[in-house]
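Each of the next two complexes has chain A plus one other chain: chain B in the first, chain C in the second.
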Partner chain A sequence: MKAPRSSMGSLLAAPAVLYMVVFFVVPSLILFVYSFWTAASYKIVPDFVFSNYLNSLMSPLFWTVTINAILIGLVTASITLVLAIPVGYYLVYVSRSQVILYLILITWFSSYLVRIYAWRTLLGTSGVLNTILIQAGIVDTPVGVFLFSRFAVAITLIHIYLPFCILLVVSSLSEIRKDIVDAARDLGASPLGAFFRVIAPNAASGLVGAFMLTFVMVAGDYVTPQMLGGSSGQTTGLLIADQFRKTGNWPLGAAQAFLMFLVSIVIYLAVMGIGRATGLVVKRRPARKAGG
Partner chain B sequence: MVLKLVVWAILAFLLMPLVIIVLFSFHASPSLSFPFAGFSLRWYAEVLGNAQLGSALVKSLTVACFTALITLILGAAASLAWLRLGHRGRALLEVLCLTPIALPGLFVGVSLLVLFAQARIQLSTATIVISHVVLALPILIVAMRARLALFDPSLEEASRDLGASQMQTFGKVTLPLIAPTLIASAILAFAVSFDEFVVTSFVAGTETTLPMYIWSMMRRTVTPLINAISTLALVFSVAILFIAWLIGHLRRRSAVAGRTVS
Partner chain C sequence: MTIRAPVIEITAAQKMFGSFQALSDINLSIEQGEIVTLLGPSGCGKTTLMRLLAGFEAVTAGTIRIDGKDCAGQPPERRPVNMVFQRYALFPHLDVFENVAFGLKVKGTPKAEIRERVQRMLHIVQLDSFANRYINELSGGQSQRVALARALVNGPKVLLLDEPLAALDLKIRQHMLVEMKRIHAETGATFVYVTHDQDEAMILSDRVVLMEKGRIVQVDRPETMYAAPKSLFAAKFLGETNLFEAAMASDDASGMTAVTGSGLRFHSSIVPAGELRGKAIVSIRPESFRFNRDNDTTQSATGQVEDVIFIGSRSFYTICLADGVRARVQVQRSTRTSLPKPGEKAEIFWDSENVVILPGS
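Let's turn to the complex of A and B:
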């Protein structure tokens, strides 16, 4: 009985698995191979050199834009997570409000470009925010720094990825049983105390996961910095995208994509290391046992 | 309560830009500032008269339909497989699905671009659809995974014991039970494809989808036309979400029916 069941399963899974292998795994491998090739006068030559990696690592521009992307990523992902936690907490422990959930889903599903455009409208020199400030007499001349600054990039990225982060937080908090939280509250913990002493340690790996996913999305988003960041809008993502669209040095772009991937892994390990060192992230198993 | 206030403040932050866009799409003057100069439908009239925009919309709808259809077929088979796979099979499917979700669109976009270049496949509507399925299929499988955890395999066994063939069991027991979630997930796939921009910008070649058209408009100027297009796109997303919600309600009913049977 068991054998035919699972062989039937493999047969049914085959088309989806094959699809993902052909159009996701294989392309990633080709991209990796490309990163060792060379480009000479708009032709890509198969080769095996590390120059794409070495040239990127030696280029000051690469470091400037990568540090820019990492900074934007860390700041934005941190603020996004801090904002997502109260909403997630509310949805999981206080009220499973369908209205709030659907309002979040609506913002998540509203077009990505439209939201970038909305913030450009809001922050521009003749935009809504400046008009209100001038009419209220707070400033005399329009404030230019709202737009084309790191501030504009950060606020827009938070707006774009907050709904996604809230859903991740909801799913990681849902794993913690409400009785534990109730017990802590009965024993006199404040809501914040219950969060830091009971929920955070138990949900730590889920919350770190939410932070990292948000970080990867934000640091890899090159459209928002390009549209709203002005001169500070150069990030690794834009550099890579330009290699594939304008300059035409695909192998260099491929190498930089993998360097960016490596940077994400290093940051993940660093975040986990900090979490362990501060005792916020505990090994998962004992916590589970205590919970169930 | 403080927490409730904080939550609603965050929701206000999420919704405010969208409300402003909708409001200014009805603005009688092209300026994007207060005081409000009165309501008008002039931008909507311009949008409807724009032929390029119309063809971009049709392109996007076509791509989204094909994406949803292919995702639905592959995803339905994978969902049925999920119920029959052991731990290792499930783990393989999970890794294949979670990795593309956890990567920036840029990475997926450029790797598909090199694949198409290497295989000498001309960039076209087909390559857009192929790429969108790579993004939508994992989301469908991850969404199905949560629902399938509630599926009671004894229902299939009961059907087989009562003499139904494997195909009859699929058609009369398993599929009807998972269909509402499958269809809701396919609608999700449609929505993902309809809004996709980053990956599309690499694999579209000379084709123009709606997000790509909006992008080219955004780069050129700040025109109030974008407000009207954005509002229409927003209404469209809400409508998709509403349909998914309706189907979700049907699903809850069928799940309850399933419970009473088991």
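Let's turn to the complex of A and C:
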């Protein structure tokens, strides 16, 4: 075999590229094409209109649920990340134990729906939280706002996605050697200072990735908002799901999905921008050849 | 010499990891400006001792005083020591200048002062023109210099070096040893240097702290430790040596005598570390044997040359003395004296100041 280096490289990359094209690029493109079609009485008609986008953008409902989704997404992803970092730090640098990691992952063995119902039980008017508050004499009548609110949605989503976020944090921290943390401490940084000056900049891409993946999954989750969100906790994910499941307006759903996709990109850019401005995210220069 | 308080004073320090005794009964004081190496095989506790000094670990018992102050409970960032890590531990997201400036910046030093001190330090380690290079653009030797500069720029009372040359290849290692001595002279800092490499320890140190199994076995100047090891471990760990099993024969004003089972007599004028009785082990360095008689030489043995290894400036002879007792003899190349050839009979000579008698097991 005398294939030139470059063609050999493409050949080796081909399976991965093919996989991505078949299972990711093509479906996304189909959805993108759909978003310009029209729907009439549960039938999808090929077309080229912008009305799906324009109608969504002009609909107050779309804005309400999208802002809701963004808020729930940002708050949930931020809290999840903040909770995941200490756990990840402990797992990577202090305990170095796989057992705890597996214990965290075991929580995933319980059904997603079961956990949502568990929170309904905990937060409901006759739930554990209200019972405690009443028993403790803090409130006289059960508090109704715990359930069917953004609060309920956020706390449930944090609970569900925290193990996932911990995994992402662990993988991004494990690339950072403990001795640079020691070096930072040795040079006068406090434990928190070492985190912000050394760990955060080096783990930045991984941590931003963890944040964004959590955000995308949380903002796109449509089961939890449906079960716990009430009228104030509905999100775009639910709206999009309804277009596909109930009204049968796939083009509108596709357009709204792409708008959410844009929102995610804007938020990613904003997070990176904030990171750069605060110095937590540093652009690493590509390596030049080492000198003698 | 003026008498000063030691910059490091370790008293009865112990360290346990769970039920494992990593360090026991460590007593050591280090003077301002010294280069002290902690030398020992891996697992002897030398790195643990260094991490105790840096503040990454806490003593289980005993005290460590740095610059006169008991540093129990003091975290690494509050200790007047800085460390050079084994694999440099440079910050990959910062360039050379920012790496060196890190400590000063954390302490809120004014910008102009940071610039000046960092540049001066980069000059000392001869990296003036590398200030804006990133870490992944540096060679091993350059990374090592950055690590040194990053620690020294803070003006530590003590610089801790954890096997700093272990990751470098031999040629750069030898060069860096010379550099390290020069940098020590220029900065006047106290160096505590951890290594398992006896050559590094001998070349660099004012004093060597030899450790074995969590204990300090001997603290001495390198020459003294080489010439008069106080234990079999010290004799074997530093340099090469001949060991002969023997029994104590006599002990008089001029020294002691031990005799091997085959009747070889070794007389030593070195004052032993402890009481010697019964079984003994005699240690003589290969270069302490000679083939030519000196005027005042009193000790000798005859044997047969089994093997000769010629390595340029030196040759190594294996001489079979009596019933299978072998001596390794190192001689300098010489065109004046004729040296024995393999198979020939040879007489070897040695002096009592080169005979070390150690307690046998």
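Here is the rule we use: the second predicted complex is superposed on the first by the 255 of 292 C-alpha atoms of A that agree within 3 Å, B and C clash if a C-alpha of one lies under 4 Å from a C-alpha of the other, contacts with A are read in each partner's own complex, and residues count from 1 in each chain.
Methods note: contacts are C-beta pairs under 8 Å (C-beta built on N, C-alpha and C of every residue); 3 or more make two chains touch, one makes a residue touch a chain.
Everything quoted here is computed from the prediction, not taken from an experiment.
Enquirer: Where does A:Tyr34 make contact in the superposed view: on chain B (first), on chain C (second), on both, or on neither?
Expert: The first partner, chain B, only.
Enquirer: Thinking of the overlay built on chain A, is A:Thr247 touched by chain B (first), by chain C (second), by both, or by neither?
Expert: Once the two structures are laid over each other on A, A:Thr247 reaches no partner at all.
Enquirer: Using the superposition on chain A described above, determine whether A:Ser190 touches chain B (first), chain C (second), both, or neither.
Expert: In the superposition, A:Ser190 contacts chain C only.
Enquirer: In the superposed arrangement, which partner chain does A:Val198 touch: chain B (first), chain C (second), both, or neither?
Expert: Only chain C; A:Val198 stays clear of chain B.
Enquirer: Looking only at contacts as defined up top, I'd like to know whether chain B or chain C touches more of chain A.
Expert: Larger number of chain A residues touched: B.
Enquirer: Which partner chains sit in contact with A:Ile180 here, chain B, chain C, both or neither? Use first/second/both/neither.
Expert: The second partner, chain C, only.
Enquirer: Which chain A residues qualify as touching chain B in the complex?
Expert: Residue list for chain A touching chain B: 5-6, 8-13, 15-17, 19-21, 23-28, 30-31, 34, 83, 86-87, 89-90, 94, 100, 102-107, 109-122, 124, 126-128, 130-132, 135, 159, 162-163, 191, 213, 216-217, 219-223, 227, 237, 240-241, 244-245, 250, 253-254, 257, 261.
Enquirer: Can you list the chain B residues touching chain A in their complex?
Expert: Touching chain A: residues 3-4, 6-7, 10-11, 13-15, 17-18, 20-21, 24, 31-34, 73-75, 77-78, 80-86, 89, 92-93, 96-97, 99-100, 102-108, 110-115, 117-118, 130-131, 133-134, 137-138, 141, 166, 191, 195, 197-198, 201-202, 211, 214-215, 218, 222, 226-227, 230, 233-234, 237-238, 240-241, 245 of chain B.
Enquirer: Of all residues in chain C, which touch chain A in the complex?
Expert: My answer: residues 54-56, 75-77, 81-83, 85-87, 89-93, 102-103, 106-107, 130, 133-134, 136-139, 142, 150-151, 154.
Enquirer: Using the touch rule from the top, collect the residues of chain A that touch chain C in their complex.
Expert: Touch residues, chain A against chain C: 177, 179-180, 182-190, 193, 197-198, 201-202, 282, 284-285, 287-292.
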